[in-house]
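Below, subunit A partners subunit B and then partners subunit C, in two separate complexes.
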Partner chain A sequence: MDLTWLILLAVFGLQNAVPIGIAAQGELVTEKSGILNIGIYGGMAIPAFAAAATNLAFGPTLGNASPYMGLLAAMATGAGLNFVFAYLSTKIHVDQVIAGIGINIFAVGITAVFLQRYYALDGTPNGHQLAPLFSITGLAQNLHVSISPLMATMFVLPVLVYLFLGRTKLGLHIRAVGENPKAAEAAGVDVAWVRITATAIGGILLGLGGAFLTVDFNPNFVPDYAQAIFPAFIALAAVIAGGWKPPYVLAVSILFGVTEALRPVLAVSSTQGYLLTTLPYIVTVVVLGIASKRLRPPAALALPYKKE
Partner chain B sequence: MLGIRKTFPGVVALDGVDLVVGQGEVMGVLGENGAGKSTLMNILYGLYTMDEGTIEMQGKKVHIRNSADAIGMGLGMVHQAFTLVPNLTVMENIILGSEPSNMGVIDVKDARRQVTELVKQVGLDIGLDTLAEDLPTGFKQRVEILKALHRGAKILILDEPTAVLTPLEAEELFKSIRRMTKAGSTVIFITHKLKEVMAITNRITIMRRGKVVASLETKDANFDILANAMVGRQVQRKFNFGPYKPGETLLKVEDLKAASKHKTEALNGLSFAVGAGEIVGVAGVEGNGQTELVECIMGLMKPTGGTIRLKEKLINKLHTSEVLKLSVGHVPEDRALNGLILDFSIAENVVLGSTERTDFSKRGVMVPKRIRDFARKIVQSFSVSTSGIDVKARNLSGGNQQKIIVGRELAGQPHLLIAHQPTRGLDVASTEYIQSLLVDSRNAGRGVLLVSADFDEILDLSDRILVLYEGKFIGELQRGASIGELGRLLGGIAAS
Partner chain C sequence: MSETGRHWLKRVLRSAVPSLVALGLGLLVASVVMVVFGEDPVAIFSALFEGALTTQFGQSSVLNYMYAYILLSLAFLLPGKAGIWNIGGQGQAILGGVTAALLVEFVPLPMVLWPVAAMVLATLAGAAWSAISGLLEAYRNASAIVTTIMMNFIAANLATFLLYYVLIPRAHVPGYYNEVDFPAAATLPTLPYFTTSVMIFIAIAVALGTAFFLNRTTLGYKIRATGLGSRPAESKGINPRTTKVIAMLIGGGIAGLAGAGAVMSVGHGCGTVACYQDGFASGWFGGFGFAGIAVALVAVNDPIASIFSAVFFSILAAGMPFAYQSIYVVWAMQGIIILFMAAPQLSRMILSFRRKKKWT
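On to the complex of A and B.
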């Protein structure tokens, strides 16, 4: 029996999962502090653009190392953007949902403006692609699988996030303000700043996830908004379906990635193909439906906290 | 603390209060609701700022601007409502905000050692890895105490600490308090329970209406002195009572039991009856089961045992709307929360709960004209001062809000009226007006169940007084009972 399709499914599935998995760990950290970042699309798309642009700018001088500058730029942009979002919602008390939607719409606009001004409306040219960590051959005929450093990151992150939240002072404070901000405040924890920090840390990972799309998967930024919207909002769903637990969130991210890979891998004819395209969304709804019954989000999630 | 004065809009909460506490002693602060105990402690803990007065610690004048200042000076406070993070472990809760750590990483071993040592020292045994949310109430309090001690509290303020404890847990707490004071800590113990101040304190300060009325050594105190000092008496109001001729039994409650939110027994076998033409007062310091009692009768809460009958009809399992249809009027405890929808107009509020009345709606569509006429009638006959019936309830004074509720309930001509804290927070004129409405209802042959923590109100209005203490009726008094008698019962001392 030819199992090539299974291998392909795994390879493409894992590749699809990378932006979802990385962004989801970031969103998890943010949500643990009680901030619901609906602006996750903007938090990925703007850094994704920054990554592509930086990669292009450093390409002539740094060569194959320039994608790493792109990753750094994306992480910095993500952190900065999320810092602004968190500052607005904790210090200025802008509604989290409204601020988040604002950032998403802003992302669509700002990337278009920059594309038009500096590149072309249909996208940036190609830059250097992030070099794979290692390659695997011989799994199947003519199949050459490159393992990206970002894929490795996706697998390591849950462990780091778990240790960060469980073992560090800041991690404990994040969990406390996400669950009972009043109690945390009474214990001398600065609720607003802990939330801002957690959101900025989340932003670093959103940026990294976004950068995967523009320096690794494809080494350019194209204004195909659907391309970044899918991983962004699926990541948001993965945090919920994974019950705010890092390893489960990774597992759900991979499940979503694999579902997304079904159509191209099975290469079914057009009509069924379109049905398969909807599968990830249906799976999302079903998984969330089942999960939401027994899940317990951080008690103060999306609830603003105002000091008395 | 010397000469502390604190006013809230319209109220003098504290008026020149002095409190002197010596190191290593247990100071009892005794008083009924609204005496100012909690306000005083919140000032000490930096949650409120005082208008006048000074605070000195070990002879030096100190300024406490917020709770961080207070903690820094070695003060710790355990509130009635706990401030634990439910999904953190006991240990995480204890060290939160003062974690032993190394480059941001928590030193788990060191933390465990510190906490274990503390636990041994004060004898509050507890599993450190349990999640806070899984703890029974008594243990949550232990975590709070340990938390305060872990931050180096030398003076521990306990605000009504036994309110949520079983007698056995309370005994354990007392043991720990003794160990703490032996180790040099000072404890300020706030309570309204006479037995407890007698059992645990060295000295007692009694507060009433924002003033200290007595301060004495516990060994010189007895129940009578304390009860009289705690309750006191203001001017007696005169109402026009008709002769007391209770008629048919309207409400009959037998062996009623209910659990509270904390899963402890809130009501522990209550039996009583309310007849037509009488006011039955249920007195008690708040938190002794009053809320649960009213909610059980109104179908807002499921009793765990016993029966409630309304004119022989069993109403235990009825929905609130069905109870209301049986000619019951209900003035809820919290008018802003349960009595009115603040953002609705007066007209909308007066038909809440009676929109099913056929003259107010036809096939589900409301008839505005009838509703508006009805609202005008209520505004007029209950002298609500407002510019019109389209004014939002939010913009009315407390007294006028309450008149609307009482008016709405009395308009239904109920046989039984349940009034829960009907005059709390109202000015003198509104209070008297609402109280006179209750008396008129009684004279008109209605049964009135008055549940109140305002003891003047209870003594002035009730034909019979039932005193609720820890979910039980600890005694019954008749009209004309003395404050001393009531005070003893309120403090948990049954008549001998």
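On to the complex of A and C.
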């Protein structure tokens, strides 16, 4: 029996899962603090653009190291953008949902403005591609699998996030303000700043997830309207379907990545492929419908907190 | 003017101040960006307003954007009055559009009945789609914020599947890869002079109807009471769960109607199903559904004010091609305007610089 398709499914599935898995861990940290970041699309797309632009700018001088500058730029942009988002929604009391929608729309517009001004409306040219950690050959005929450092990151992150949330003081504070901000405040925790910090940390990972698509998977930025797919809302879905637990969120991210890989690997026609693409969203709605009473979202998720 | 009339006018003007400040700040930030890029904002904005307001193409384009913006802002604000987030206007509209197209292509009906039936069915489809999120929020405690976003993606993919799998094999326009032939008898009547359909009148009527419904009917009262909190509503004998679901259904229905309009308006530039893709699927956040949320926020969730707010956004969107090659600057501006609108403290802060008064 020829199992090539199974290997292909695993390889492509894992590759698809990288941006979802990394971004989902970031969104998880943010949501644990009680902030629902609907602006996750902007939080991935703007840093992804920053990564591509930085990669291109440093390309001539740094050569193959320039993608790493891109990753740094993406993490910084993601943290900065999420800092603004969290500051607005905690200190200025902007509604989280509205601020998120605003950031998403802004992201589409501002990246297009920059593209039109400096590159082309349908995308940037190619820069250097992130060098793989190592390559695997011989799995199947003519198959050459490169393992990206970001794929390794995807597998390590849940452990780090688990330890961070469970074993550090800041992690404890994050969970406290996400469950019961009033009690946390009474215990002397600054709710707003803990939430801002958690959201900014989440932003670093959103940026890294976005950058995977623009310096690694493809070494260029192609905007959403030109048929790039930023799997931002799939990451949001993975956090929910994974029940806000880091290892489950990783498992769901990989499952969603494999779902995406079904279409090219099984050579499903593009028409029917539209239905396959929808699967992660359907799964999430069904999980919410069936298990919403058993899922344990942070008790104060999406609830604004005003100091008395 | 009578005393009460003057009082009313004063109140309206005062409540419009934060919106005007947010719009002004949006324009200002956009202008600063243009200056940074070495362009002349005055020239760009005058080209924009001139194009949108003085050319026949521009005026028609304004009306085409306007009906969609009005309807989709209502689809957001009416469920919002009951305290439920409908971020799914985009998906409900897409589904309404494709439903209307399916009826037109597969069930020929006599005369007026044809377009009317298509619009009614589209409204029902939008309502049914939103019902899933409404029921999940009311009875399963699953946030509509999340489910409506998920339903957007499901709707878009389902509609695209139906377009390529069902509609195009049925009535393909030769030479266009994704356009479906639409019989003239099933399209909406076109206005004289403008190249746009009567949808704009339908949209304004729905906005006025929504205002009447919310302020003058029992169900409207129940919706507003539910929005103030589930427990106070219960103490008045209102079932907040059913009220939320009903509000969601009406919102989804209005969005579905907008989708039907996009498919059935010849004046939109094409009498084809490709229209629903044009307006609703072109870039997730550039779509009408999300612009509708911006329109509703600037209108401070008031159905009548949303007409005026829609005028502003329509002029921006319709005029942008005259100034730039794309309307992406408008999207960036919409995002900023939304942030300012959602930050009453920001506007108050800026106003208080003038008044030298401490803001709260």
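Here is the rule we use: the second predicted complex is superposed on the first by the 277 of 308 C-alpha atoms of A that agree within 3 Å, B and C clash if a C-alpha of one lies under 4 Å from a C-alpha of the other, contacts with A are read in each partner's own complex, and residues count from 1 in each chain.
Note that in this section a residue touches a chain if its C-beta (ideal position, glycine included) is under 8 Å from a C-beta of that chain, and two chains touch if they have at least 3 such contacts.
Everything quoted here is computed from the prediction, not taken from an experiment.
> Touching A:F12, do we find subunit B (first), subunit C (second), both, or neither?
neither
> Does the superposition put A:I92 against subunit B (first), subunit C (second), both, or neither?
After superposing on A, A:I92 lies in contact with subunit C but is clear of subunit B.
> Taking the superposition as given, does A:A176 touch the first partner, subunit B, the second, subunit C, both, or neither?
The answer is first: A:A176 touches subunit B but not subunit C.
> Thinking of the overlay built on chain A, is A:Y119 touched by subunit B (first), by subunit C (second), by both, or by neither?
neither
> Where does A:G188 make contact in the superposed view: on subunit B (first), on subunit C (second), on both, or on neither?
Only subunit B; A:G188 stays clear of subunit C.
> In the overlay, work out which of subunit B or subunit C sits against more residues of subunit A.
Looking at subunit A, the partner in contact with more of its residues is C.
> For A:I105, using the defined touch cut-off, is the partner it touches subunit B, subunit C, both, or neither? Pick first, second, both or neither.
A:I105: touches subunit C, not subunit B.
> Who does A:R167 touch here: subunit B (first), subunit C (second), both, or neither?
Touch partner of A:R167: subunit B, not subunit C.
> State the interface residues of subunit B toward subunit A in the complex, per the touch definition above.
Residues 67-68, 71, 83-88, 92-93, 95-99, 101, 104-106, 108, 147 of subunit B touch subunit A in their complex.
> Show which residues of subunit A lie in contact with subunit C when the two form their complex.
Contact set of subunit A toward subunit C: 36, 38, 41, 88, 92-95, 97-99, 101-110, 112-113, 116-117, 121, 223-225, 233, 236-237, 240, 270-272, 274-275, 277-278, 281-282, 284-285, 288-289, 292-293, 302.
> How about subunit A: which of its residues touch subunit B in the complex?
Residues of subunit A touching subunit B: 167-170, 172-173, 175-176, 179-180, 182-184, 186-189, 296, 298-299.
> Going by the contact rule at the top, pick out the subunit C residues touching subunit A in the complex.
Against subunit A, subunit C makes touches at 33, 37, 85, 87, 132, 136, 140-143, 145-147, 149-151, 153-154, 157-158, 160-161, 164-165, 282-286, 290-291, 293-294, 297, 324-326, 328-336, 338-339, 341-343, 345-346.
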